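Common to both upcoming complexes is subunit A, partnered first by subunit B, then by subunit C.
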Partner chain A sequence: MTATAEPEVGKARRRKEDARLITGATRWTDNLQLTGMLHMAVLRSPVAHARITSIDVTEAVKMPGVLVALTGQDLAAEQGSLPCAWPITEDMLAPPAPSLAVDQVNFAGEAVALVVARSAAEAHDALAAIDVDYEDLPVVLDLDRAVEDDADLVHPDLGTNKSATWVFDSAEAGTGSDVDQAIADAEVVVERTFRQQRLIPAFMEPRSVVVDPSPGSVTMWSSTQVPHILRWMLSAVLGIPEQQIRVIAPDVGGGFGGKLQVTPEEVLTLLVARRLGKPVKWTESRTESMLSAHHGRDQVQRITISARRDGTVTGLKVDLLADMGAYLRLVSPGVPILGAFMFNAIYKFPAYRFTCTNVFTNKVPTDAYRGAGRPEATFAIERIMDELAAELGVDPLELREQNWIRHEEFPFTTVAGLTYDSGNYEAATARAKELFGYDALRAEQVERRANGDPVQLGVGISTYTEMCGLAPSRVLGALRYAAGGWEHAAIRMLPTGKVELITGTSPHGQGHVTAWSQIVADRLGVAFEDVEVLHGDTRVSHRGMDSYGSRSLAVGGVAVVLAADKVLAKARTVAAHLMEVAEDDVEFTAGTFSVRGTSTTMALGDVVVAAHVAHNLPDGVEPGLDAEATFDPENFSYPHGTHLCATEVDTETGAVKIRSYVCVDDVGKVVNPLIVEGQVHGGLAQGIAQALYEEAVHDEYGTLTTATLADYLLPSAVDLPHFTTDRTETPATSNPLGVKGVGEAGTIASTPAVVNSIVDAVRHMGVSEVEMPCTPMRVWKAIHGRGDGVPTTPGAGGGLGSIDARGGAE
Partner chain B sequence: MIPAAFDYVAPTTVDEAVRALAAGGEDAKAMAGGQSLIPVLRMRLAVPTLVVDLSGLTELTGVHDDGDSLRIGAMTTHYEVQRDPLVREHARLLCLATDTVADPQVRHRGTFGGSLAHADPAGDLLAPALALDAVMVCAGPNGTREVPAARFFVDYFTTALAPDELLTHVKVPKLTGWGAHYEKFNRVAQAWSIVAVAAAVRVSEGKIADARVGLTNMGPTPVRARGVEEALVGQPATAEAITSAATRAAEGADPPSDGNADAEYRSHLARVLTERAVTAAVSA
Partner chain C sequence: MRISVTVDGVEYRDDVEPRTLLVHYLRERLGKTGTVVGCDTSNCGACTVHLDGHSVKSCAVLAVQANDREVTTIEGIARDGQLHPVQEAFHQNHALQCGFCTPGMIMQAIDLLADNPDPDEDEVRHGLEGNLCRCTGYQNIVRAVRDAAQKMSPGSGPEAERVDETAVVDRAPMHAGGGE
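Here is the complex of A and B:
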């Protein structure tokens, strides 16, 4: 066992797992081939809202290679209802959520029938032979309209499209004063409505499921973020004894929250595999993914901010309508609620009220997407701070500074009732301003305005904080979430001195294998290369709450530390016994135990062997040094940062070009700066994409018109600017690693920074809002006062929508 | 997604290919680079029973000098067109437009002829072909015929090619020494044009002696901006003259409305981009 000289934590290690991932040397779920494996294909509703009057599968069953074709009726008795683990209020309304629609479809893309055949091609061919009759029902799409009294209903049985209304009021909670009073008394009040468009997570690896239904032991491989939750929920939904289910998430190619789900297809693959007694695989196409995997965001936000003339903010009122889509999925109702604690952001509001109504529409269900609730909150507060600054005629950065929590005020309990443990907004902002050249850009902006330059310059600011490290179990309980927020880790000390670390987190691109190895290497004084990280298989990692909400390091990483400490504690006992000294005299550094004041030493490796062979252990000490630990955080962690964006807006075409982007993030202690950098870059790309490119668009019939990547625009590297990134480092005080979480930071801050910069560029032309995504047409129309809507038809030429619309490339 | 089943043949001569297409009838499809056809097959938007793979037709690749014009093989890839010295010298507009097509992967597979035969109104090579007065050489069971670009593009995704005809070559008259520019407007780099303008001009003694202007995605087929051309010819190559001529850009166009741009905005873009394209071409 080699001792590591310089600490591993803090090293920019290349990721151990990358060689395997990027050379295709791994096996994704779809690469699995089991003997006798069959293939499932799913028929999806082309209409958004209809009664199913008949489904005829007789012709499909006769097709070559087909074993079975099933409808919702066939599975009605066994499919149960897909789980929703977050009933946000006692009286929340939740319709039954069948995996296969039984007599009604509620969104275009909903599964209505399935075929199992010997090959995937035969299964797909047979779908065309299924005959479904639909009787159209009125389609509910618009959020504002859906909550009106005379609105058509998605689920008539519920009597309303409102699922639940959730309120936080600082006056009632005792965390602040009454916001209505604050607004009534205010010298300045600014009100705005912002729209968070619907987004599609667009993970790179489409979803795939393989089920091997051996009697007494069902194994499911799934491209999921949440193998542990999935196993629990499958047992709960289908009544299969949990000990007989094994879920494996092999290498998973991205998720962004989109694979934090228990999907209809997972349930269906399991049911048909069990019914046929054969392994079955289902893999989706990209379009299928876009039509049926859960979407993200989709809110209407009415924001009122009040302030004194001197710029001091006095109140914040948030009224949200959040689109749930047609059903409540795993954590759908809770996503907007995660934002409830973040609208007040880094500012000292004395009064705050948050009201959110969750609404059903005939669209794909929404659920977690990178940031989940927090990007929405940050967007709204950072946009309205700019609007307030414009109203007051002050520099938007100065307005923020005037109102934020100063570094000497931490720990600080906010008006939303959270206690921020640490932070230094001044330091991050100062560094960002310096890197950005804030003053020079402002000067150039003035000049371009004066010259009437057709290309105008805008400066966009976003500060942010977020609650990461989901989550203290007690808090989750108080929010009526069905599960806890702890994480588990176990360490196996192998007799050759190598280490197996088992984590309950479930990486799907984040680099846990590398970062966890670094943590263990430092803690135990073993070589980085000697640590193997095991995850994602419920037979190997039997306890875990999986990966989402920037929780893996801040919660799971801490569990790793605690488990390592337990290994060391026991190793110390054994070492003291073997060296025949008192335990208190034994010190441990860099993988070696030594006796204080003597030259006697014993390497951890030798202690491991001694503990393993157990020839000579103290009385009552069990053989082996393996240990496990579960960590339940006391508090969230609160990363923060300041992002600055300069954009050039071509006022003749409305085209927006990001000229420079600077972010200074404070994610606490950093285990691996390279991984942090990667997370920031990816996050920025996704956040900028919300501001400029991505939007799930439905036509008036509820058909998703952006169901290919030719129509749903994702930027590539060439579309994005150079990112100037830097960090300040204020350690979290809420965990022994001092870490905070970085998975969502870039996504959260970049969207408002970009939109603020666009509005800033053309504010003098009378623009105070551009709806996202800020397409050239929207920007041009905003400048020229043409506020009319944007057509929902896909590209008339280019892209595949066009080919679709005209019936093929003839 | 998985395409429906189809038969596949890979002929090595134009004759064989034409015979295979004729035998396959309406349900046969030629495949060049497959960059547009394969997505369509995978989404089952087209369900041909026979695919005739043209990649073995080596006689259809490369650029040839025919004196007054260039002859470009239909199977010449975008990548080859971009780098071809003859094209660069005598039909620079084509190089510049091809530079903006898709991404490197697609440009290595997609072909010049495939793009023209596909006739996507948002495709970037149609307007240059029209502006350059290119002539399409088509081979069918009864021999070959030549169709000028102005008659080749019939409607959205529809050309003058019969189902059993192949586009074999494109003749492009040389415009040696002309200035050229392709001004493309799109939202992400690898995407098709929302609107684009292809311009080639010959400036002589400070005056615009000749001008060719073609518009991409301003109608079901590429559009020749004749009004702009007329307004430019004989004018001094000045900003004022170009700005004034560009106001006629959308004359005769029939722009579509879609999620990226409605007709009004497209017409506006056509004017702005024409001004920019001609300005750049004049100084190129």
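Here is the complex of A and C:
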């Protein structure tokens, strides 16, 4: 066992994970081949809302290689209803959610039949031979329309399209005053309606499931973020004893919340594998993924902000409609509710009211997507702060500064009832302004306006915070979430001095193996290379709450620390016994126990062996040094930062070019700066993509017209700028690592920075809003005041400037 | 149909259905699962391999089109236990997170550097335009490719990290019939 000289935590370690990923030696679920394995293919509804009047699989089962073709009727008795773990209100309405539609389809892409064949190609061929008759029902797509009294209904049995309404009122909660009074008394009131378009998580690895049944047990490999939750839910939905289910998440190619789900296909693969007694694999195509894996965002946000003429904000009222799609999936209803605590952001609002109505439509269900509720909230508050600044005629950065929580005011309890433990918005902003050249860009902006330059310059600001480290279990309980928010870690001290760390987090690109190794190496004084991190298999990692919500380090990483501390506590007892001194006289540094004031030492490795062979242990001490710990945080963590975006907007074409993007994030202490920077980059890419490129578009019949990567505009390397990133550091006080979480920061912060920048560039031309994604067409229309008669929805490929907007519009 | 194809230096003879895509032949018949499928429309580039020394999206090539030709995948570019400089650069520059796009990205980057041994940032971004990554925001990928270019340039870096031009030429006719 080697002692490490310099601290591992904080070091830019290259990732252990890379070795197999750069050589193609990966274990994606779809790579698995089991003896006798069969393949499942799923037939999906082409229509958004219809009664199924008949399904005929007779011809399909005659096709070559086909073993079975099944419909919802065939599985109705055993498939149960897909779980929703977050009933946000007592009276929330939730329709049954079959994995395979039985008599009605509620979104285009919903599974209606399946085929199992000897090869994937044969299974897909046979889908074409299935004959389904649909009787069309009226399609519900528009959120505003869906909540009207005479609206057509997605689920007529529920009698309404409203699933639930959730309210937070600071006057009722005792965390602030009455917002309606604040608005009535205000010197300035600004109201805006923002639209959070629907997005598709679009992880690069399509989902895949392999199920290997055997009598009395079943093993499922799935491309999932949540193997532990999946196992629990499969047991609950299907009535299979949980101890007989093993779930393995092997290498998982991205998730971004999109694989935080219990999917119809996981249930169906399990059911058919069990029925046939053979291993079965299902792997989706990209189009299937976009048509059936859950989507994200999709809200209409009505925001009212009130202020005094001097710029002091006095109230914030938020009224949301959130599109659930056709069903409530695992945490669908709770996603917009996570935003309830974030609309007030870093500002000292005395009064706040949040109301959210969750609404059913005939679209793909929505659920978690990177940020989950918090990007939506941050967008709205950061956009309306700019609108308020414009109304008051002040610099938007100065308005923010006037109203944000000053660094000496922490800990600060907000109007939403959260207590922010630490932060320094001044420091992050000062650094960002310096890197950005804020004053010079403002000067250039003035010049371009004065010259009537056809290309105008805009500066966009986002001073965000977020709540990470989901979550204190008692808070989740208060929000009616069905599970806890703790995380677990176990350490096995092997007799050769090597260490196995078992974590309940389930990485899918984040680099936990590397970061957790660094934490263990530091804590135990072992070599980074001597730590093996095990995860993602419920037989190995038996306790865990998995990875989402920027929780892995802030909760799971802390569990690792606590487990290591338990190892050391026991090792100290054993070492004191072996060195024949009192425990209080034993010190531990860099992997070695020493007796205070003497030259007597004992390496941890020797203590491990002694504890393992157990020849000479103190009375009552069990052999071995293995330990485990579960950490349940007391509070969320609150990363924050300042993002500045400069865009050049071509007023003649509507084309937007990001000229510079600077972000200074404060994510607390950093375990691995290389990984942190990578998370920021990726987060920025997704947030910028929401502002400029991505939108899940449905036609009037409810067909998703952006169901390929040719139509859904995932940015390529050419579409994104170079990012200038830096960090400030105020440690979190809520955990011993001082960490806050970084997975979602970039996505949460960047979207409003980009849109604010675009609006800022052309505000003097009468523009106060551009709907996302800010395609050249939309920007051009906003500048030239063109509304009706010009389509707002870009066609395939039409959003990136392939249409001559001027010619097309005239 | 009967095909004969050399993959990562090994010759295979197989009967394949005419409709079999090269990527499915590589993954399912040969077990070359390092090459992956990310979409159905040839947009994502995750399946990029080299066919006679040039990058192709193996989801857009039929297996029968590889008859009598040479395919190189991500599994065939390390030599004698030594990573290819582009692989090493991806590791050193943290140019991957989930790693699903990485094999295709690396194969495309190698092709890009063969055409342009010293690309600037813009040229790298355009050279990788057909390969999508959802994790990294591309910045570290761009950095890695430019870093690899430096390491691969004549006279730079240790001998072991250099690409052996003659070995590559010997293994595959670089400019014979590419793209057909």
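A few notes on this one:
Here, the second predicted complex is superposed on the first by the 787 of 810 C-alpha atoms of A that agree within 3 Å, B and C clash if a C-alpha of one lies under 4 Å from a C-alpha of the other, contacts with A are read in each partner's own complex, and residues count from 1 in each chain.
To be clear about the criterion, contacts are C-beta pairs under 8 Å (C-beta built on N, C-alpha and C of every residue); 3 or more make two chains touch, one makes a residue touch a chain.
On a predicted model such as this, the values are computed, not experimentally measured, just so you know.
By the document's definition of touching, of the two partners only subunit C reaches A:14; subunit B does not.
Shared-chain residue A:124: touches subunit B; no touch with subunit C. In the superposition on chain A, contact of A:216 is made with neither subunit B nor subunit C. Of the two partner chains placed around the shared chain by superposition, subunit C is the only one that A:256 touches, whereas subunit B remains out of contact. Applying the stated contact rule after C-alpha superposition, one finds that A:202 touches subunit C and leaves subunit B untouched. After overlaying the two complexes on the shared chain, residue contacts for A:697 are found with subunit B alone; subunit C is out of touch. Applying the stated contact rule after C-alpha superposition, one finds that A:716 touches each of subunit B and subunit C. In the superposition on chain A, A:781 contacts subunit B only, with no contact to subunit C. When both complexes are overlaid on chain A, the residue A:241 reaches neither subunit B nor subunit C.
Note: residues 121, 285-287, 708, 710, 714, 716, 718 of subunit A belong to the subunit B contact set and to the subunit C contact set alike, using the contact criterion stated above. Put simply, subunit C touches subunit A in their complex at residues 17, 19, 27, 31-41, 43-44, 46, 73-75, 78, 83, 87, 90-92, 94, 96-103, 106, 121, 124-126, 128-142. Interface residues of subunit A, counted against subunit B in their complex, comprise 120-121, 124-125, 128, 285-288, 652-653, 655, 692-693, 697, 705-706, 708, 710-711, 713-716, 718-719, 775-777, 780-781, 786, 790-804, 806-810. Residues of subunit B that touch subunit A in their complex: 1-2, 4-5, 36-37, 39-40, 42-46, 103, 118, 120-123, 156-158, 185, 187-194, 217, 256-262, 264-265, 268-269, 272-273. For subunit A in complex with subunit C, the touching residues are 14-15, 17-19, 21-26, 28, 30-31, 33, 121, 202-206, 251-254, 256, 285-287, 508-511, 674-675, 677-679, 681-686, 708-710, 714, 716-718, 720, 722-723, 746.
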